[in-house]
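Once you scroll down, you'll see the structures, which are given as structure tokens.
Consider the two complexes below, in which subunit A is the common component and subunit B and subunit C are the respective partners.
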Partner chain A sequence: MAFTLRSVKVPPNSASLEEARGRVFDFFRQACRSIPTIMDIYNLDDVVTKSQLRSTIASEIRKNTHVTNPKVIDMLLFKGMEELNNIVEHAKQRHHIIGQYVLGRQGLAQDLDTKDEGVSDFLKNFYKSNYF
Partner chain B sequence: MGLGSLASRTLTSSRILSSQYSRFRPIVTKPGLQSPDASSAAAAAAQPEPTPPPPRKPVGGARVELTNPDDTIEVFVDGFPVKIPKGMTVLQACEIAGVDIPRFCYHSRLSIAGNCRMCLVEVEKSPKPVASCAMPALPGMKIKTDTALAKKAREGVMEFLLMNHPLDCPICDQGGECDLQDQSMAFGSDRGRFTEMKRSVVDKNLGPLVKTVMTRCIQCTRCVRFATEVAGVQDLGMLGRGSGEEIGTYVEKLMTSELSGNVIDICPVGALTSKPFAFKARNWELKGTETIDVTDAVGSNIRIDSRGPEVMRIIPRLNEDINEEWISDKTRFCYDGLKRQRLNDPMIRDANGRFKAVSWRDALAVVAEVALKVKPEEIVGVAGKLSDAESMMALKDLLNNMGSNNVWCEGTGTNPNADLRYRYLMNSSIAGLEKADVFLLVGTQPRVEAAMVNARIRKTVRASNAKVGYIGPPTDFNYDCQHLGTGPQTILEIAEGRHPFSSAIANAKNPAIIVGAGLFERDDKDAIFAAVEAIAKKGNVIRPDWNGFNVLLLNASQAAALDLGLVPESSNSIDSAKFLYLMGADDLNLDKVPADAFVVYQGHHGDRSVYRANVILPSAAFSEKEGTYENTEGCTQQTLPAVPTVGDARDDWKIIRALSEVAGIRLPYDTLAAIRSRMSTVAPNLLRTDEKELAAFGPTLSPDCTQKIDSTPFKAAVENFYMTDSITRASKIMAQCSAMLLKK
Partner chain C sequence: MALRAAVLRHIRLPVQTLTAAGSRPQPQWSFLRLFSSHDDHLTKEEVIDRVLDVVKSFPKVDPSKVTADVHFQKDLGLDSLDTVEIVMALEEEFKLEIPDKEADKIDSCNLAIEYIYNHPMAG
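Now for the complex of A and B:
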């Protein structure tokens, strides 16, 4: 039902980069609109907030900002839709969502306090772990 | 016929199958097959000249030293000619020729027993197969190792050995690395004929280190020969005769020798195995990492076998110059100390004296804050026994940048002298000790300080009947040794020639004097060294071709520390210290530290010094870091990480580099290569691994000494062989050993 509806929405061709951009934003809005369903299906109320999930989705999309080929953008969108469909139709499970989209997201929290200014890469890596 | 159609079918298929086609040849009768005489005549007539066989390489890529090129004989092994020195056995000749003959009782470093009979080979013109390990190779001998007779002999011997051997493979620790398993697969027959009852033997208690299941013993007597020859203790022997033979100690005695763990490696079957390692792992699931041992100054080469994050056992590696194939018990069994009492989080002592775990940021910030407030002459740094050269370099750089020059290493004494290298190295090198014929041991007990050096001295004494004189507190040796005296008075007597031993030194070709590093702690050490050098001068010990003046160090870090120049400015800087940086220093006397001094402890075990520390910074142990160590003879070696670090611990030099940055005086190296290039500006020999850097100058440059010798007798530098540093003190096995095996 719902998943067949979604998968139709991304035709294989975008004419230009702007059209692909528009499609990306549409996808983002669609994903954000399905966040309440996702929180309900997988009982994520104690684990994460809606705004955190929105930031996560945004950061995943932002990982591909360097792509300029509209066909590649279409392909990435197709994969994104597929993933979104899988999540919404409960084909995944709670631990998948938690492991893939909730944990390990410190990069989001930009810890740009004064204490980290002017600090070398060595020290940053040192604080994280012994192996760098 | 049918074969032909098959052949034609394969012809049309791909090229890969064409090789199969060459195997199908039509069966056709030949003139030679019709009568035997015709075939041999045809064969003899049509034999082409055989191309000379390629030269064979020795087994294991070994190098053969032909000491006397004129004294070689030629033998033929399986038709291949090979040149060997005179006096070699048939087995050694076959090894040079590249043929590995199976054996159980023969070991290249022990005497020949010849009782297992597995090495039987066929020699032409000999009525019976000969035991190749015992038979000397005669010129022109034709040795055949792969004939039916030799194979039948091996199968027969294997059958006999397996007759009384229990079916213990699933529960035996030696499974997977068992000589009996491997050789029965390679050389044994495929079926057994034994239907009677097997005999069993009662197990002997040899101590907390060696587990014995004497039913599995095949009576090869390797352990007996090792104990008598290499270890020097005649604990083990063969009791009884025939099928009732048992190996054991006749009285209920534990194996107290410090080399007792090596019988575990030597035993070809699972009769003698490692008790701490019993039932813990199989050898194929272990990953071996080749590193260096740091529990003493010898730097024995070891292989750490680990499974995941855990060290399971330690095995010796072959290094002819340092430890041959043996390691001491302390080296072998200290690994379980690596799992106990480990520091894994930075900690700060709060107001009511309890430690609280904090993050690295906070810990380094606190330390840097205190360090910058203290005056430079009140900053003191001490490197520990197990510190590697990189971290000692970083410590010295950091403290020098902070304005202090009071850095030293544990065990180097109150005012160490690092100017002349010959004064703190083993100048004749450990392998060179084999050439000596008189030993004078001054204030050192090599059996507890460096067991491998002791093994080498014993080897020399056994081979060439060398004389050994010892000055120090009464100890027992495993070779004949004259106890000359207990204190410095004896040195003076020998130096002046009044002692009978001085004539022994004067008449010796290569005399060796070994001074113990325990003398560094004495106040009159310059005077004692001057006296020993007087002996050396009189006895012509230091010559261009032979330098017999040796110093036996106690810790793995001393040589590198003195090479890097960790020499303090003032000798009693601890009394007035306000900021004390202990990098693994656990054997320091902390009574004199002022009560308001801020003590930082950077180490991997919560040993003695932690109780006084204000901040704890966890660092990596030797099995978890890549570090450079220099042993007592000046050979630089490297450890490799076998397991990951525990918890939040970091490498020592990285902690110091991070601390320097937080304190504002950033050190200029970020990577291991960078700190090594910094080390090369100070001591370039520390970068040349596995190479010895000999001392450049001799006693001609040492200044004259006007100190008076104090006549207090020498003390033992090591009281408890099994517990000398933080790792061994945390180890349960070492605690058991020191409770059960030390002589009271």
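Now for the complex of A and C:
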């Protein structure tokens, strides 16, 4: 029943930016403390390390630093809390987590095997994009 | 019976003579308390080393600038979210759980080292 307790709190109603900031840090700490559980549930030990997940969470939070309205921050926190609950109560699956939080700019993992070894740099760049 | 007497006659045991002041406890045993974890604290150098390692392995930090009295925001150019992240990384390293009020105060390597050194549960 521990997973339902997270969402039962009173929805945050921050009066000022400072209070909203404090709530953001609380949310971040709560997410970081759930990282060991998440890695255990989804067997992420050989895919990613805890510090990489922490950095990913921090960069997700950082995407919204430009927001100044405390109510908007509350709404974003509510959505973040919902996402964290979904992940911790195993409502998502491993490929969701890997696709959304582990893989970076290069997207899905490239499978480079022996057929690609002799390929020239020109072809490799060509496969990636039109302009190089 | 006779065998026993014969055997006993031939056994020699080293005899420990007590000193005149009475028997003193052996010095080497008085420091060995087998089930006590009282002396189990981390040494200050170990705390400093591990804290600096955690800070240096943070991706946004330049390892050459990290010393024991560096301030996260002023010297390393991190922002408040990075500071919280470093504190969480330290929590993971030393298996602690730092309450929010204390965590907000930790702003530099000095304070982190002091807090962890004084924490009884630091692992």
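The criterion applied here is as follows: the second predicted complex is superposed on the first by the 102 of 132 C-alpha atoms of A that agree within 3 Å, B and C clash if a C-alpha of one lies under 4 Å from a C-alpha of the other, contacts with A are read in each partner's own complex, and residues count from 1 in each chain.
Just so it is clear, a contact is a pair of C-beta atoms (placed from the backbone, for glycine too) under 8 Å apart; a residue touches a chain by one contact, two chains touch by 3 or more.
Just so it is clear, the structure is predicted and the values come from calculations on it, not from any experiment.
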* Pick one for A:Lys50: touches subunit B only (first), subunit C only (second), both, or neither. => second
When the two structures are overlaid on chain A, which partner does A:Asn130 contact: first (subunit B), second (subunit C), both, or neither?
-> first
(message) After the superposition on A, what does A:Asp26 contact: first (subunit B), second (subunit C), both or neither?
(response) second
Across subunit A, the partner (subunit B or subunit C) reaching more residues is C
Inset, instruction - Once the structures are superposed on A, label A:Phe122 by its partner contacts, choosing first (subunit B), second (subunit C), both or neither. - result: first
Between subunit B (first) and subunit C (second), which does A:Ala58 come into contact with in this model arrangement: first, second, both, or neither? second
In the complex, the residues of subunit A that touch subunit B are 115, 119-123, 126-127, 130-131
The residues of subunit B that touch subunit A in their complex are 359-361, 620, 644-645, 649-651, 654, 657-658, 661-662, 666, 670
Touching subunit C in the complex, subunit A uses residues 21, 24-26, 28-29, 32-33, 50-51, 54-55, 58, 61-62
Per the touch rule above, subunit C residues touching subunit A in the complex are 57-59, 80-82, 84-85, 88-89, 91-92, 97, 100, 103-104
